[in-house]
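After this come two complexes, each holding chain A, first together with chain B and then together with chain C.
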Partner chain A sequence: MRAANRSDLLMDQPLPHNEPGFREVRVSSTYRDAKLPEKDILKEVEQYGYDEDATFAIKLALEEAMTNAVKHGNRNDPSKCVIVRYAVDDHRVVICIRDQGTGFTPEAVPDPTEPDRLMLPSGRGIMLMKAYMDEVEYRHDGTEVYLVKRRK
Partner chain B sequence: MPAAESHINVTKRDGVDVVEFVDRKILDELSISELGDQLRTVADATPAVRLILDFARVEHLSSAALGMLITLDKLVKERNGKLRLCNINPQIFEVFKITRLNKMFEIRKSVDDAMIGL
Partner chain C sequence: MSTADELDILTERRGPALIVSLVGSASMEHCEELNERLLDACLQKPDILVIDLSRLVFMCSLGLGGLVAAYLRVQKYRGKFAIAAPDAAIKEMLELTRLHTLLPIFTSASDAVAHLNRTTE
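What follows is the complex of A and B.
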């Protein structure tokens, strides 16, 4: 049996956002299952009357974060999972996405708009999340991304 | 395994391949990979292909989709072809602007505009 690594242990720790009001969805780490949380989250976003721009932003950020969790975090290992916790109220939408990878250093990710990187096919996910969400914070050594969209 | 469903409609107009995206969302890796394969098939079918991608139906686009477009653009250029994008809605255009790819792609208002001088 494989020894539990640090990220496995972190997975079972309570998140700072597991207070009442936060819902949790765990999906296996495949692109197919990574789509599953979106529907419920966007349904709540719609129920709270967020506008089209906010919905566009949340959908985009969620897609980017889930792809990063599956691809870069869990390295396409379907035996791993992605945990999504979210809460929606009148003022903001908060989404936390955690993977079971070894983490990364967000500051070390190069700017994709640098002239010599502009035509590289990857590396724009974090930039788009930052452009569209009000807060994007990496926690737990980069294994969790915390996203906030506030009502305008 | 069943063949991937088609993500594009292709029509020929004065020797130009006009490709309309079928999906409203070009987001997830799976369908983007299929879409990339289908676009490559179109690009490979004609020497020095002239290609217009019509985004009229597209409402959402991810960074993976941008990556696929960059790869396609490179392939078309290698074949001495031309690629233009058109009918991009303001929200999607903003994604191009944020990533500065609006400067790298030839973007036109409509298919008619994209046909001019292609």
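What follows is the complex of A and C.
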């Protein structure tokens, strides 16, 4: 029953993320706290039987999005929080992560695979999210990222 | 023993080589320590620095950045650097980011040491 309700919700709606069926977690801007939602989300992913590749992709995208929220969005300010809303069902996993920063322009982020950027130690997070997730969309001037992974 | 969410960093000297083995998961909360430990390894200026990933199950982009920073430091003092035995998922990440074109990758730490030892002599 729970899965069917969530499935209807997720598949029929134009992807809002604050309605019933989505869980919300707020954490402070430290890497340790930013890790907390991951455990709950991956536990649900496992319960719904997503395969190893999908689980790796979701874990990686979550880590990259949370790192960006803590480091670039909230500038490692522990007084600021990161809000995570998520829902998992038989068809897909939806995660929205919002920070309290000033935002950014995703289109302006350079391609980290360009030869002259390969030797830079950072700048690969967005590229990895896009490579591993089915949908990656930035909203609210880049302060929120919306991630979807569909079951193959 | 590391679980999937922990990271152990082990170092071993093998002649001219320093092997740094990452065991577990190099996720965001571990990468500051990882980068510090890689910096420590580079400051020893071994002729050969090998990062053994054979027991690593996960790495985020902060970890990839640590590998790049270590590679650059070793290049700076004209040492040899290699990555050894990434699993399929981490190897795919290295390929997607095209870091496999920058960082030499070997099937094992022993192979890396043997190969780089020959080219050092």
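Criterion: the second predicted complex is superposed on the first by the 137 of 152 C-alpha atoms of A that agree within 3 Å, B and C clash if a C-alpha of one lies under 4 Å from a C-alpha of the other, contacts with A are read in each partner's own complex, and residues count from 1 in each chain.
Everything that follows uses one rule, which is that a contact is a pair of C-beta atoms (placed from the backbone, for glycine too) under 8 Å apart; a residue touches a chain by one contact, two chains touch by 3 or more.
Nothing here was measured: the structure is a model prediction, and the numbers come from that model.
Novice: Give one of first, second, both or neither to describe whether A:128 is in contact with chain B, with chain C, with both, or with none.
Specialist: After superposing on A, A:128 lies in contact with both chain B and chain C.
Novice: First (chain B), second (chain C), both or neither: which does A:112 touch?
Specialist: Touch partners of A:112: chain B and chain C.
Novice: Thinking of the overlay built on chain A, is A:56 touched by chain B (first), by chain C (second), by both, or by neither?
Specialist: Both: A:56 reaches chain B and chain C.
Novice: Once chain A of both complexes is superposed, is A:25 in touch with chain B (first), chain C (second), both, or neither?
Specialist: A:25 contacts neither chain B nor chain C.
Novice: Please identify the positions on chain A that touch both chain B and chain C, taking each partner from its own complex.
Specialist: After superposing on chain A, chain A residues 31-32, 34-35, 53, 56, 59-60, 63-64, 67, 112-113, 118-122, 124-125, 127-128, 131 contact both chain B and chain C.
Novice: Name, in rising order, each residue of chain A that touches chain B in their complex.
Specialist: 31-32, 34-35, 53, 56, 59-60, 63-64, 67, 71, 112-113, 118-125, 127-128, 131
Novice: Tell me, which parts of chain C touch chain A in their complex?
Specialist: 5, 27-29, 31-32, 58, 60-62, 64-66, 68-69, 72, 89, 93, 96-99, 101-102
Novice: Flag every residue of chain A that touches chain C in the complex, lowest number first.
Specialist: Residue list for chain A touching chain C: 31-32, 34-35, 39, 53, 56, 59-60, 63-64, 66-67, 70, 112-113, 118-122, 124-125, 127-128, 131.
Novice: Which stretch or stretches of chain B touch chain A in the complex?
Specialist: Chain B residues touching chain A: 27-30, 60, 62-64, 66-68, 70-71, 73-74, 91, 95, 98-101, 104.
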